[in-house]
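By letter and in written order, the chains are A, B, C, D and E; residue numbering begins at 1 in each of them.
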Amino acid sequence: MSDPTRETRHTRDLPDRLARPDALSFTLYVAVAAFVIWCFQAAEMSVTTFVEGIPSMGRLAGEMFPPAFGRMESIGATMLETFQMAVVGTVLGVALSIPFAVMAARNQTPNKAVYYLARGVITFMRTVPDLIWAIFFVITVGLGPFAGVLALTVDTLGFCGRFFAETMEEADPGPQEALSALGARRSGIILGAVLPAAMPSMVATSLFALEKATRSSVVLGLVGAGGIGIELKAAMDMFDYNEAATIILSIFALVIVVERTSAALRARLI
Amino acid sequence: MSVQPAETVAVPGAHAPGAAASVPHAERAAHLNVRGLRKRYGTDEADVLQNAGFLLHEGESLAVIGANGSGKSTMLRCCLRLIEPDAGDIHLLGQDVMAARGPNLRRLRAQVGFVFQRHNLVPRLSVLSNVLHGAQARLSSPRNWFQATAPARLRVEALACLDRVGLADLAGRRADRLSGGQSQRVAIARTLMQRPRLVFADEPAASLDPTAGEEVMELFAQLMRDEGIGVLFTCHDLTHAQRYGDRVLALKRGQVMFDRRVGEVDFDQLRDLYAPSPSADPAQPQEPRHV
Amino acid sequence: ADDTITMTVTDVSGLEQLRRDWDAFSSLLKEKTGYEVEFAPVTSRTASVELLKSEKVDFILTGPAEFVVMNKLTDAKPVLGFSRPDYFSAIITMADSGITSVRDLKGKKVAVGDVGSTSSHLGPSQLLMDYGIDPMEDVELVHTTQKIGLESLRRGDIAAWGTNYMDDYLRLRAKSDLAPGAFRVIARGPDLPNDVLLAGTHVDAEMVDAVRTAITENSDAFVKAVVQDGGEENKKYGGMKFIANVDSSDYEYVREAYRTIDRPKFAEFVGN
Amino acid sequence: MSDPTRETRHTRDLPDRLARPDALSFTLYVAVAAFVIWCFQAAEMSVTTFVEGIPSMGRLAGEMFPPAFGRMESIGATMLETFQMAVVGTVLGVALSIPFAVMAARNQTPNKAVYYLARGVITFMRTVPDLIWAIFFVITVGLGPFAGVLALTVDTLGFCGRFFAETMEEADPGPQEALSALGARRSGIILGAVLPAAMPSMVATSLFALEKATRSSVVLGLVGAGGIGIELKAAMDMFDYNEAATIILSIFALVIVVERTSAALRARLI
Amino acid sequence: MSVQPAETVAVPGAHAPGAAASVPHAERAAHLNVRGLRKRYGTDEADVLQNAGFLLHEGESLAVIGANGSGKSTMLRCCLRLIEPDAGDIHLLGQDVMAARGPNLRRLRAQVGFVFQRHNLVPRLSVLSNVLHGAQARLSSPRNWFQATAPARLRVEALACLDRVGLADLAGRRADRLSGGQSQRVAIARTLMQRPRLVFADEPAASLDPTAGEEVMELFAQLMRDEGIGVLFTCHDLTHAQRYGDRVLALKRGQVMFDRRVGEVDFDQLRDLYAPSPSADPAQPQEPRHV
């Protein structure tokens, strides 16, 4: 270490600081960087405008206070109804997501064709907008909660399917290797090694999906199933900011409860 | 004793150098016959295994020794195609491993117990569930794989396997809350649960205390004697190789240096085998770089 | 089922609001016609049309722009008009902006409401056109919500705001901290055609007649059920009158507006 | 193993099948199960209705074909614009999410108060609806892309902040322990051990956020920043199903590109 | 030799039983002084450490031996408060570890190199970056922590550390693509990079081949001689304990059985130490259960 000749030898042996990119990657890097810079310019951002505008933000916030708790009871009832549908939609969506995720996880899929197909279906589910799903289901099963639940299920599938797949891809390969070494089938490896590794993340994703379904329940209104989302929209449309504030706070409370549940479950699992 | 690559191994179909010595085994079936195994990780790296081969007979134990990074673990993995060898011929229990697909490959693997160097337990499951996993290949219903749902008969069997490695009282513990040696033993118990016909054990005694290490090696020896199970184990503890190996296979930088009956190995003269590799061979392919 | 009327109200956002606002109406209708009445809030006009096509709803209470579309796409017929007083669009600027006529808007930004909304998109667009400004060519339309329209008008991000005069402009102005005199209305449109209760083609004539007759014969009771017993949002129907003989040709102004916004397929008159 | 007396001893030593829940947990389990069942009943689900309705689904799908590629050029331009803003919003949101996530990760947070505060802020960001953020930012910085970008930033923060935090919580504790043992500071542990472990998941989440920002760009329209979301909404509202199909397919193509990028980056990292 | 709990250790302030023997060290400072250490994981489990204590002097090496699960790793972790002991008194380099907070605790830990039983490398980083991490406590700028950004001087130093464990040619490899022994050596190189005043090594030679194992132990011995570094190591290889430990501390089920100068230990008579624990003590608290 103190011998200078040795140090020279080391300098020679030092690994490259960065893997030298090939021409294609290099071009890609530069192109992406240039694109991002261009995007930033197009966004017409300005810190001064932002800072100058902060006082007017306060004005709007002021309009929302104090929240109007007068209709709390009916808001509570709607919340409960919405949450009910969200629970059903999420449970179904999560249940469907698991097999889809297995097929869409690069290291679990039975073969490449299934992988691309499953990925495609999941992606498609979330690219087609809610409104279209809502119309689809309302035409299929008629107005009401059932159509709403189906719309939420599809939403959840598009979301959880992808995240479950990604979590499964990240699962530690060691235990999986051990199970394949002892002749376990795919189902055995998934149940025995992949799911236990993915479980905390899957719990978090599922409860996020539940929360998301509750928050974005506007879709329920499209199918005549009510929902707190549409109430909030109504309050906003009627310029009833104080009532909107109440609804937002109620949703916030529910979301906090869901999130704490998630945290508690995960704390046990991790 | 100066160690040189064993040229005979390269000849396809020929026995390893220890072959003449293993004549007493001739009447026994060859449980595992490996020839010309070659493996490199990533195209821009050096060969990790070069033309490696050996024979393992029924009820025989083969100790694989070699320096760190000489390719022992890689060789064991390749034999079950947990990693795909680049070339080679592997016959396991009379079947061609390289040609096996899907269920056939699984059935072959099910006959081999594999104790991994890093144990590879499922961290969030209980010790008992981990042991139950050993039975996955022979019991196809998922309820058999978890201690909460498995039938009593199976749980008792798993507990007995744990007992054989002295861990029956930790059956309910989560597998990631074990000491190093305890997790090693659970990995061994899982292999026992598998009822294998052959055991591959990658440094099975490395984290065990001296008594436990002997016990585990004795356990393997007993399986060999009583049930004709072949054992292929790697170790750095030469007394273990000497005491529990019928034959010793020495690897050096991916090549088989020798494969002899244990009596013919001079354990005090293995310095060469463990000599550090000559520094930075310029002809050697470049390592890939990482942050 | 044969003896159940399924009805949606496209303007009402929310089941709860629907119950509050339209319960009186639906019970009265049930009482007077003898049919079961089911109300469902379907907030999207697209969903309503598809429901009508697939015969999942029988009657829809909706605005003029939506009526034109539904009439065109499903051939649904009007049953009754809900005539609202003071239902018209306006173009609003800030009083101190120096903009005093619609012509001054050339080349500027104008905020309007959701695409396809009668009083906040179609109405203002046609109004601009009437004053010689082509909304698709001469100004830059920004589709946004009323609140944002008002706020950006105030900031000067837009030159004018086209919206429903009574429902949106007056109401927001009242809630705002600005004096009413801070705004200037530079154009007011004609009263827009009536809201309509329409029936799908699959509904048998007997049921349509029963509904029309029940409402026209008990006009006062139904008006009371909509306005007094309805909620906040039904205030817009204050002073309303049921019009029994609505005709599809009454909606030419709206069709014209569709042409103005480059949606000529809804501009053709389908006949009655 | 074959000795019956030993087996009897073992039966005695076998661990409980399930941890015996205490009274409180037990009540909770039962309550949750009952609630879920109740939710399912409220959803008025029926398989027959669904199956009977399938033909009408086909009709709607048929109406969307063939997609109208006539306006492809202007759709392409709008897509690009939307994507630009999505990139900026996502980059800013992701950058902000990292410090928030550190504070909101149970095992990284400097203290409990900061943890709850950070969690609260992140949750609040996503509970307040887009529309309100849009109003806020229009009031603050005026109509235009900047307001849109800010709305997307807030959206991204609410999403990524939570998922990043959760990934950090799941990071293998071993390397972290090694770094604390050698006296590393929190920043060293995070940079040196937590981020490398969390990176694949963070890449997936970030690129999902980018995709989400592009898909749900309706908020951009509200703030006068155009965007493909409003085009799609207009196409649907105007019953231009063929054009809507074109837009959906374009978004689908973009989403696939983003997803493949994510998959490629992750494949290098995992 | 029958091993019994060493009663003297319990007396606060009193030297360990080996104290009399370590009189020659009396003039040297006590680098580490641990007394009355107690630890249990989870409230419903048994004590893992009971009243454990020992002294480590400057430039002295202490070998900790004991059966699997006897609490060796736990004890090492407790000494740096990587897990919080339930009770005990720990003085490290003259400072009270139990009272240290934030930066003080970090500064104390920075002086101690810790080689973990499971190595605990950062899997997705390069070997060289892993070694550079060793310098985190003395170099506060993040650019020093990654091989891609670190100044040349530091990279050379890290490479030299790798060279001391014979791994200079794998500097660019990702840390999760190493063999078991190679990853063990990287963990040791990281500790060298730290320039510690004291080394805790948890089975540092467990996955090393015989030569590498000796080399690593020799390296520690050399650090002790040349730089006065104290070494606390655990091992299951009693020849290592015998050859490289100045003193030997034996743990049995969390209790110190003896703490003697190495010359006074009869290594052939340790069967008791490694005897399996008596089966299922009914008085012992129940294990928590897991799926």
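The rule we apply is simple: a contact is a pair of C-beta atoms (placed from the backbone, for glycine too) under 8 Å apart; a residue touches a chain by one contact, two chains touch by 3 or more.
All figures in this text were calculated on a predicted structure; none of them were measured in a lab.
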item: Touching both subunit C and subunit D (chains); value: A
item: Path length in steps (a step moves to a chain that is touched) from subunit C to subunit E; value: 2
item: Farthest chain relative to subunit E (centres taken as mean CA coordinates); value: C
item: Taking each chain's C-alpha mean as its centre, the one farthest from subunit B; value: C
item: Which of D-E and B-D has more C-beta contact pairs; value: D-E
item: Averaged-CA centre spacing for the pair subunit B and subunit A, given as whole angstrom; value: 43
item: Subunit B and subunit C: spacing of chain centres that average the CA atoms, whole Å; value: 78
item: Centre-of-Cα separation between subunit E and subunit B, whole angstrom; value: 29
item: Subunit C, residues touching no fewer than two other chains; value: 46, 50, 54, 145, 147
item: Of all residues in subunit A, the ones touching two or more other chains; value: 13, 15-18, 59, 131, 135, 139, 142, 144, 233, 236
item: Contacts with two or more other chains, residues of subunit B listed in rising order; value: 118, 124-126, 147-148, 168-169, 171-172, 280, 287-291
item: Contacting chain pairs - touch in the sense defined above; value: A-B, A-C, A-D, A-E, B-D, B-E, C-D, D-E
item: Subunit A residues touching subunit C - in the complex, by the definition given at the top; value: 59, 63, 74, 77-78, 131, 134-135, 138-139, 142-144, 221-227, 230-231, 233-234, 236-239
item: Contact set on subunit A toward subunit D in their complex; value: 35-36, 38-40, 42-46, 49-50, 53-54, 56-57, 59-60, 81, 84-85, 87-88, 91, 106, 119-120, 123-124, 126-129, 131-132, 135-136, 139-142, 144-146, 148-150, 162-163, 166-167, 169-170, 200-201, 204, 208, 215, 232-233, 236, 244, 248, 251-252, 255-256, 259, 263, 266-267, 270
item: Subunit A-facing residues of subunit E, complex; value: 126, 128, 147-149, 152, 155-157, 159-161, 163-164, 168-169, 171-172
item: Residues on subunit E engaged by subunit D in the complex (per definition of touch); value: 80, 82, 106-114, 116, 118, 120-125, 133-134, 136-137, 140, 142, 145, 187, 190-191, 194, 280, 287-291
item: Subunit E residues touching subunit B - in the complex, by the definition given at the top; value: 41, 66-69, 73, 117-118, 124-126, 129, 146-148, 166, 168-174, 177-182, 184-185, 203, 206-213, 236-238, 270-271, 274-277, 279-280, 287-291
